[in-house]
Amino acid sequence: MRPSGRLPDALRQISLEPGFSKYAEGSCLAKFGDTHVLCTASVDERVPPFLRNTGLGWVTAEYGMLPRSTGSRTDREAAKGRQSGRTQEIQRLIGRSLRAVTNRSGMGETQIKVDCDVIQADGGTRTAAITGSYVALYLAFKHLVEIGKLKSIPMTDSVAGISAGLYKGVAVLDLDYDEDSTAQADTNFVLTGTGGIVEVQGTAEDKPFSQDQFMELLQLAQKGVAELTQIQKAALGL
Amino acid sequence: MRPSGRLPDALRQISLEPGFSKYAEGSCLAKFGDTHVLCTASVDERVPPFLRNTGLGWVTAEYGMLPRSTGSRTDREAAKGRQSGRTQEIQRLIGRSLRAVTNRSGMGETQIKVDCDVIQADGGTRTAAITGSYVALYLAFKHLVEIGKLKSIPMTDSVAGISAGLYKGVAVLDLDYDEDSTAQADTNFVLTGTGGIVEVQGTAEDKPFSQDQFMELLQLAQKGVAELTQIQKAALGL
Amino acid sequence: MRPSGRLPDALRQISLEPGFSKYAEGSCLAKFGDTHVLCTASVDERVPPFLRNTGLGWVTAEYGMLPRSTGSRTDREAAKGRQSGRTQEIQRLIGRSLRAVTNRSGMGETQIKVDCDVIQADGGTRTAAITGSYVALYLAFKHLVEIGKLKSIPMTDSVAGISAGLYKGVAVLDLDYDEDSTAQADTNFVLTGTGGIVEVQGTAEDKPFSQDQFMELLQLAQKGVAELTQIQKAALGL
Amino acid sequence: MRPSGRLPDALRQISLEPGFSKYAEGSCLAKFGDTHVLCTASVDERVPPFLRNTGLGWVTAEYGMLPRSTGSRTDREAAKGRQSGRTQEIQRLIGRSLRAVTNRSGMGETQIKVDCDVIQADGGTRTAAITGSYVALYLAFKHLVEIGKLKSIPMTDSVAGISAGLYKGVAVLDLDYDEDSTAQADTNFVLTGTGGIVEVQGTAEDKPFSQDQFMELLQLAQKGVAELTQIQKAALGL
Amino acid sequence: MRPSGRLPDALRQISLEPGFSKYAEGSCLAKFGDTHVLCTASVDERVPPFLRNTGLGWVTAEYGMLPRSTGSRTDREAAKGRQSGRTQEIQRLIGRSLRAVTNRSGMGETQIKVDCDVIQADGGTRTAAITGSYVALYLAFKHLVEIGKLKSIPMTDSVAGISAGLYKGVAVLDLDYDEDSTAQADTNFVLTGTGGIVEVQGTAEDKPFSQDQFMELLQLAQKGVAELTQIQKAALGL
Amino acid sequence: MRPSGRLPDALRQISLEPGFSKYAEGSCLAKFGDTHVLCTASVDERVPPFLRNTGLGWVTAEYGMLPRSTGSRTDREAAKGRQSGRTQEIQRLIGRSLRAVTNRSGMGETQIKVDCDVIQADGGTRTAAITGSYVALYLAFKHLVEIGKLKSIPMTDSVAGISAGLYKGVAVLDLDYDEDSTAQADTNFVLTGTGGIVEVQGTAEDKPFSQDQFMELLQLAQKGVAELTQIQKAALGL
């Protein structure tokens, strides 16, 4: 039934490649099928002004797509001189998701900037970005522990993102572009490794959906994140 | 328990004043307690380029806050030269919510631009904006029917937005600023008059929340939207 | 002769509603007929860099129009990413007018930012903005006196703005949009409560006007500002 | 009494050099003492969209200052990415002044763009710009007549600008920078060759001024413009 | 002598991976040691306005660096809202280099946009970008031939770029970042497969260099481009 | 053979007028035939942040063209809100050229900003700008010596720029616009008074050129700069 032949509750082939970047303190190339997102975590000694002298750190994220990561070329945001609303929405989501599992008082007044750059897009770039960013952020913290800047990794849980939607009336997990572009409903869930809800974003593309349908999507997402959590642990050698 | 003394499932004082603007084809001043949002719906003969010669119409929204609508003054976005990520996120949400209950093939190639300007903010501006925008949009369509441009009002349902969150561990409806700024979880629901889910946005501010907590918030929202739907009907004389 | 039926020297219905805003230290909703401008005065502890350590304060203004304050919708300046020349011209005029009656050495190194937002426009928005801003600014200073930050209100006079123009060859006071858009000459006067000239801006829209015509317009303006001054005093309870 | 030793009603040394530019259809280097403004008038076949198919032409102006035209270097507006409010105010003033003496129906659907670039500034740049722009515009129209595009020069009068102000309590004409920066009142007048008032801009820098003082300034300006008109005629060989 | 241990005339390890992108009509991942640049060539049916109805095509390029492609994080240009002068200089160079070997009348009115995105930077990103872009552009033209849009590949020669510089007084080829940041002179050459000079950019970083030194650098570059040309041919299966 | 009738190795009429500006610490109006560039050097007490507390100074340049300096009007960059890639490329070139002959440790922590504004353009604006900027910069340093801020002029050599190109197959010096717009190859050389190479920029406009052709252009440039050096000395009275 699905264009890819996957079962409704099947993830795409997932790959998390830690340490992809030569320079970044933490990095991960996250692949969800043909969606490839490079996540790098960069340590910055300066926190934003509103946190100075608070003893708290900050984690923030930026998101971008290479112009030809998509089926037809998208204009370069740097050339247009502004980031789209979609870009800003996604990067805010990634930042909130990472902060929800970070113990900011355990970071000291340090900032981590996570860059998520989409090398190739086939649907679900924001969920791949969140899933890979967790790995990159963990590795950056691990680096700070190794060089003696931090005593322990200031994270309270792992976090991953996955989409679920109604495609031809059926609830399916981890939509690719073909499904996404025709789905009746599209939801993105950000859940922790222990099953807590961090972010929920659901949109009825065409007609409203019911509470029961929504619950079905949430359960698919919980199954998907459980699998992603195992892949994250394996990538980090935990 | 709530700063305002309200019961957990109580809305603030709601007022929807239709026809507030002298010029707009449809307008509504929406008040959720001390949150006041002016919603105007303006008819534009031109649809965006991607819809030309498709027979479909378009509904879009813009959102802004007056600089001193807030407790301390916020810089004017026009002076800064860019809309914030938050502004863009909210105006995209309003636009999607309205389109979900609009029959765009019944509009002809007409565009309605809905402006939601926050005159005073005390939490929940996006939900007040959606609730008032529905009234403004309905009135603009009604105007097009009255002058013979449309045969009937091309809307399939009503739509309204409400927030719910966990405040001091308790699920509460329609958070004001005092609650919002300290809530553990903050969710916004956009539901139709017949109970369908159009948009769900949930964010754990501090620590993740559980599936059960989420369901409790959804039920509060359903109760709140049922009340808002009655107030919308009364405002429109339906 | 005038579209509104007013006599040549008659103001529109004027209303100045002080304390309109819940949050601002000073505020006033100014109505000149169907022109409605919300003026708020916000206290800012920081003066601009060029005034640091001078002992002088600063008063500045910003101006904006809601997109559908006008008969046909105007594009939102925040979305366009720049303020128009007209907007900048008006906000500079408001700022100069207020500073002309402010004793800046009596303010200490405090800044007041006055926001003038046009809720509805029917001609004469800049003069309504100046007239209402004076009330808002006075109230903000009064607040600073009441909380002990200032010893007395550092204003040397009141100030108000009014337009006068040549409409169908006749000098008329306080033009509304119908008159303004076809007037031969359009002048704006900013005068003090004791009759001094603070700002004069006269423009021949179509053909030059004579010195005698100009004097006639100035006299109309003096009559108008005398009336506005009384209304300001009443609004402030002076 | 004046820093320059001039009498109160004396202009600075004025020079209008027509045809300064090799390329422009009309040009004039206007010097008011040490204030030097290069004015060029460029013919553009396209009118702005709002004038298409109206049979009317358009005259518009742009204004800029070289970074080191001033005593201390001013940041380059092109590098800052925006024109200041002052720049926009001045270029709008120049455009209106020129249109006031242009018969736009006699131009056909042609646009003239006048650029006023300040090479050196010593006060009064806007009035030198207007005075020189008239010459440049006249020459551009003359060129269009000579090549057969127009039958006659579509101007109804000449136009020139001059400043007058209160300096140490005395009304003086054509202020230079030393006077301008300490004047109590600063007014700019744009008058036609036959004495009509096109634009008046008066600002009390420090304390309000009286109606009598204003009249005195207007009379000085009338004297000054009469002299400028003769110099314009000489420059154009009329 | 060189930090990398390379001989003065030795290139880094070069790899050109054609067809790296799933979507682009032509693509190549170019690696010059640790410098990795993804080049994609996208076909666009529309040429720029100045070429409409000329029968000529256009080839243009854009360049960007991922924020953490560099040793310390560089701000994202899309977030800053403008491309740096360096970025613009490089993308103009790439575009000119490609057009110099393209027969634009043989393209028809088609445009190819080449995007060069630096995934990792270790010096020489512009030369890797040009070398890889040639491969991507060739493949895009080959695709147009295969689908029948073009009769033959409209390129007159191959093109590649390489740097040469004076490092500790010695002329060396293909500088990496360690060398580049301390070199006395830095030159970039763009040469064709048959040895023609397309672009030369030489800069004395510290003190001027002599004509003889310049000739030595040119000869190194000729040797380097001869090798790159063979690698390009191999990558294209020619 | 050349449109101007010049011999292949002949410069245009060159004029360097020092002290053109009333205010700038150093200035020069450079004329290369009909190309006129005003160069001003302004002393700024503040160096850029990256040089604070290093004991080093900085020299930087900005470049602009008046809108009607060109044959047809060019849009004003300040009005467009961004400097073009060409502008940025040229101003970076000028800055590097001047720094190559400046002993920055001999300046102290002072910055000189050189503005090059093209009053009239007939090809070769960047080379006229560099040649005139050297004079302006020298004069600004001389001023600092005269007022006791510096002990000696911190320049190691003079510097000048000139173009050479292939026009109708012949190598020619100092191209004017007519030649430049049809030249097969266009190169710009920046050389010191003692013959060192500071910058080389060569571009094949149409088809690649050979090493021998390039050498011929370099020799023409050496001849041209030798002449410019004498003119610079004369202008400075050396």
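Each chain carries a letter (A, B, C, D, E and F) given by its place in the written order, and its residues are counted from 1.
The rule is simple: a contact is a pair of C-beta atoms (placed from the backbone, for glycine too) under 8 Å apart; a residue touches a chain by one contact, two chains touch by 3 or more.
Predicted model only: the values in this text are computed from it and were never measured.
Shared contact partners of chain B and chain E, listed by label, are A. Chains touching both chain C and chain E: none. Note that among the pairs E-F, A-B or A-E, A-E reproduces the D-F interface, with over half of its contact pairs the same by residue number. Centroid to centroid, with C-alpha atoms defining each point, chain B and chain C lie 33 Å apart. With centres defined as mean CA coordinates, chain E is found 50 Å away from chain D. Chain centres here are Cα means. That of chain C falls 28 Å from that of chain D. Across the assembly, chain F contributes residues 81-82 that each touch 2 or more other chains.
Around the ring, proceeding from chain B in the sense that reaches chain C first, the chains are ordered B, C, D, F, E, A.
For chain C in complex with chain B, the touching residues are 21-24, 27, 34, 38, 40, 42, 44, 62, 64, 66-73, 76-79, 81-83, 87, 113, 115, 117, 119-120, 122. Interface residues of chain E, counted against chain F in their complex, comprise 82, 84-86, 88-89, 91-92, 96, 100, 156-157, 187, 191-192, 195-204, 206-211, 213-214, 218.
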